[in-house]
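Structures for review follow.
Across the two complexes that follow, chain A remains constant while its partner is chain B and subsequently chain C.
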Partner chain A sequence: MTSASVILELRGIRKDFGALAAVDGIDLAIAEGEFFTIVGPSGSGKTTLLRMLAGMEQPSSGDILLRGRRINDLPANRRPTCMVFQSLALFPHRTVGENIEFSLKIRGVSKVERRQRAHGLMRLLRLPEELYGKNVTKCSGGERQRVALARALAYDPEILFFDEPLSAIDYKLRKTLEKELKDIHRETGKTFVYITHSLEEAMVMSDRIGVMRQGRLVQVGTPNEIYVTPNNKFVSEFIGDVNVFPVEVAGPGRLRSSAIAGEFTAPKLPSGFSKGHLVIRPEYLRFLADPSGAENSLKGRLYNEYALGSRFQYQVRVGDQVFVVEKLRQQAYGGRLDDDVVIGWDARDSILVTD
Partner chain B sequence: MARRGSWAIPGPGPRAALPLVLLLLVGFAAPLLAILDYSFMPPRTFSLTGEPTLENYVTIFQSTSYLSFLWSLALATVTVAVLALTCYPISYGLVRVFGRWATVLTLLFTIPLFVSENVRLYGWVLFFIKNGVLLGALKTYLGIEFDSWLFTSSATVFGMIYVYLPFMLFPMTLGIAMVPNETRDAAFDLGASRWQVFREVELPLSMPGIVIGFLLTFVLAVGAIAEAKVLGGQAIIPVTHDIEIAFTYAQNWPLGAALSVLLMLVVGALVLLVLRRFDLDTILGRR
Partner chain C sequence: MNPARRRRAVHALITAWTLAVVVFIYLPGATLALASLTSTRYFGFPIVKWGLDWWRKTFNSIEIHQLLEVSVKIAFIVMVVSVAIAFFGALAFARYDWRGRSIYQKLVLLPIFFPQSVLGLALLLWFNTLGLDLSWKTAVFAHLIWVVPVATLVISIQVYSFDPTLEEAAFDLGATRWQVLREVTLPVLLPGIVSGCLFSFLLSWGNFPLSLFTTGADSTVPEYLYAKMVVGYTPGVPVLGTVSTIGAVVILLGGYGLILMLRRSRDRRGTL
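== the complex of A and B ==
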């Protein structure tokens, strides 16, 4: 990323609440036009971070730079950024049109022009025109999401912030809106900074993802990098079900585990690695009819199976350790529960991570 | 023979509500109807079944009673106006500024309500009276002498503001507490100044609490009598005083009843006017 394309830069941002550091030193550069998502469990400090970026909280230390200009002391109403809130925070005493036009009215834009802008945005967000004069509390959940987005876009911000706006929505609508949001991002070309606790949601939409834990960014990368090469156990466990067990180096290219008997072939060892965790995604585990040719194999018992729609998930018990295996429907395992099974994986499909 | 039809036994809801309906009919509607009836009875009679007449109303319209009506309405209006201006900042502070101290302050505002209104008003008399707590102390320690402020119309207003403050404060506090933080933040984030956030979002969204506070204090203040008597020393005669006189010394129940009916009509009309102007449901976006 060249410095010219950086729109927002964070340098050593901290936020202390008494003795507790909610945000504990964050350095980050977000590029112009990027869809950047910060993912973290609740209490990881992501909302506090976003509120500082939007100007609703002051950092205890560190600098926020917008196109190289320090904006720490600029209050939210004078920053060229806008936020879509978790509760959406629509104005319940106003119509859809008045909500969308709020920032324009504040700026003294004429009534005709306001109306024009609002109708343009409603078209962009596929809001039916007749909603314009309707009270915003009469709108459906999906319509309200779009009104909130339209209201923020009407401000014409350089960066749009999103504080988990989709978290309270049912699954199906959420999936639709995730994709819509990505489309809107393409169409407007604006920089989006999004916050969520769902790595899955982040993966669908983002250009890059930052994973946050206890006030720090533990990994920043593309969705693919985060999924394929998580750099620690926390990140690897953040998306879906995953198999993780402790390992240490047993010899050149070999690993052993305190949890499972036997030795395993290691993937490429990170430099200086002596002990950590081995991560295997459930889709990389196979049921083996003949274990002799496999790089790694384990004997276990098929404990349960779950239909996930397009896939099947199996729970295999190996000693005290539970392994999760996933197969596409067409490749479903035909056995019965309590069968003795052998599962295996290729070393290159496993990932070594530190804590 | 029990027949199903228009006289079928009502469902469990109406049946459960029946005792309350009876209580309200006997305890609330009946006395009002009795007052209404009395107001059409010949003057100085004590029967509800006399020949109906408009004489009492004629008497009122020919007398100077309208003066006490105006006094009552004026006192109530001033009280509501002063309370609105003083309570809004306090309520705002209780909800947004005082933090943990808000509980203590709320308690301090509530505790006086446990003491009878008359006792509290006589407390103020002792405080303000010549050689009382305030003037006596000034005289003894500073050697300054002032005339007592008691028994004036402003002392009456002071008493009413003091007595009805909680009835404005608490609905207002609730109203302000109903404005979500994120909604204020959103308006600010969209470029509004602090003042614009207040005007466009906080004030309209806290309106239900404010309107309820207005109505409550206005209705109570129009019916006030003790403040004018105790602190005002009858410098002002409110209509409630006229009503009391008619029912007691004058022994003219029909006249008192007619005055009461007129007062209810005036206040009811004003309340309806306000409720029509500020439809609570519309403010809350429920319609």
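== the complex of A and C ==
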């Protein structure tokens, strides 16, 4: 990324609340027009970070630069950025139109022009025109999301911040809105900075993802990089069901585990690696009829199976260790519960991570 | 008894009990109105001779006009000042988290529980010490001490249901602090402010113990009623009592109507 395309830069951002560092030194550069998502569990400091970026909190130390200009001390109402809140914070005493036009009215834009802009944004967000004069409290969940986004876009911000606006929405609508948001991002070409606790949500929408833990960014990369090459155990587990067990180097290209008997073939060892965790995604595990040709295999017992729509998930117990295997519906395992099974994987499909 | 009949019986009993309570509470007020409709000099029941003589006399009396004027003046000023103080007090009470808030919350409500006559006496001594002449103005001050906490509590109830991110959102959309207050905070809290006004006005309007000690030569309606009960009763007393009560009811209904109207204008826009 060239420095010319950087719109927002964070240099050593910290936020301390008493003895607690909510944000513990973050360096990051976000590119113009990028959809950047910060993912982390609750308490990881992501909301505090976003509030500093939006100007609602001041960093304890470090600098925030917008196009190279330091904006630490610029209050939220004078920053060319706008936030879509988790609660959406729609003004309950106002209509949809008045909500969308709020920032324009504040700026003294004429009534006719305000109305035009509002209608344009409502078309962009596929909000029916008759909603214009309706009170926001009478709108459905999906409509309210779109009104909140329209209100933020009406401000014509250079960067839009999103504080988990979809977290309170049911699964099906959330999936629709995620895609819609990504479409809006394409259509407007604006920079989006989004926070969520769901890596799955982040994957769908983002150009790049930053995974946050205990006030720090533990990995920044494209969704594909995060998925394929997580650089530590926390990130690999954050993605969802995944098989992780502790390993140490047993010899050249060989691994040993304290949790499971036997040795395994290692994927390419990171330099200096001696001890860590082996990660195997559930879709890379196979049921083996004949274990002889496999690089790695384990004997276990099929404990349970779960239907996940397009896929089936199986719980296989190897000693005390639980393994999760996933198969497409067409390739479902035909056996019975409590069958003795052999599962295996190719070394190149496994990932070594540090703690 | 079969279950359906049993249910009906229980229902009837509850209805009867509720009616009895309502009658018990509101009948004295009605009696007061009846007592004012006599043409005789003294109170007696049943009414021997009906008439509106005392209503006429009361409305023609300059003294009564003055009483009403003083009472309205005090109540109005108390309403305006206490709601102004209570609005910001309620924000501190319920909107902001700050060190000492929990002590403030207790301290600010304490005056409600002072025995009012003791508070009145204390204020009387205090005004004397300061060398202030007692008049309706000192009564305004006395009323405020008792009314502001109540108004703060009433408005706080509305503030508790206020989502502070609304203010942040408005600020983030470019509004100044003042615009946030005018465009978001005040309108959203308006129903609470109207309730605060009603409480302030009516509590001051009906207050007797504080006025008794602090109005000096001026007199409010409740004071006059009390004085006339002690010495020199005429059916003018129930007339004024009825007027005072009806006035309070009208204001209460008016305020309630205003809140309804605010809500409905919101809803009406909703069906456009």
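Simple rule for what comes next: the second predicted complex is superposed on the first by the 355 of 355 C-alpha atoms of A that agree within 3 Å, B and C clash if a C-alpha of one lies under 4 Å from a C-alpha of the other, contacts with A are read in each partner's own complex, and residues count from 1 in each chain.
Operating definition for what follows: a residue touches a chain if its C-beta (ideal position, glycine included) is under 8 Å from a C-beta of that chain, and two chains touch if they have at least 3 such contacts.
Since the model is a prediction, treat every value here as computed from it, not as a measurement.
*Asks:* Judging by the criteria at the top, classify the pair chain B and chain C on chain A as clash or fit.
*Replies:* clash
*Asks:* Is A:211 in contact with chain B, with chain C, with both, or with neither (first, second, both, neither)?
*Replies:* neither
*Asks:* Should A:13 be classified as contacting the first partner (chain B), the second (chain C), both, or neither?
*Replies:* Neither partner.
*Asks:* Check whether A:134 is in contact with chain B, with chain C, with both or with neither, and answer first, second, both or neither.
*Replies:* Second partner only, chain C.
*Asks:* By the touch definition at the top of the document, which applies to A:181: first (chain B), second (chain C), both, or neither?
*Replies:* It touches nothing on chain B or chain C.
*Asks:* By the touch definition at the top of the document, which applies to A:85: first (chain B), second (chain C), both, or neither?
*Replies:* Both partners, chain B and chain C.
*Asks:* Applying the document's definition of touch, where does A:56 land relative to chain B and chain C: first, second, both, or neither?
*Replies:* Touch status of A:56: both partners.
*Asks:* So in the superposed three-chain picture, is A:64 touching just chain B, just chain C, both, or none of them (first/second/both/neither)?
*Replies:* Neither partner.
*Asks:* Hey, what residues of chain A end up touching chain B and chain C alike?
*Replies:* Dual-contact residues (chain A): 54-56, 75-78, 82-83, 85-87, 89, 91-93, 102-103, 106-107, 135, 137, 151-152, 155.
*Asks:* So in the complex, the part of chain A that touches chain C is made up of which residues?
*Replies:* My answer: residues 54-56, 75-78, 82-83, 85-87, 89, 91-93, 95, 102-103, 106-107, 130, 133-135, 137-138, 151-152, 155.
*Asks:* Where on chain B does chain A make contact in their complex?
*Replies:* For chain B paired with chain A, touching residues are 180, 182-183, 185-193, 196, 200-201, 204-205, 282-287.
*Asks:* Hey, which residues of chain C end up touching chain A in the complex?
*Replies:* 163, 165-166, 168-176, 179, 183-184, 187-188, 190, 266-267, 269-272
*Asks:* In the complex of these two chains, what residues of chain A are touching chain B?
*Replies:* Contacts found on chain A: 54-56, 75-78, 81-83, 85-87, 89-93, 102-103, 106-107, 135-137, 151-152, 155.
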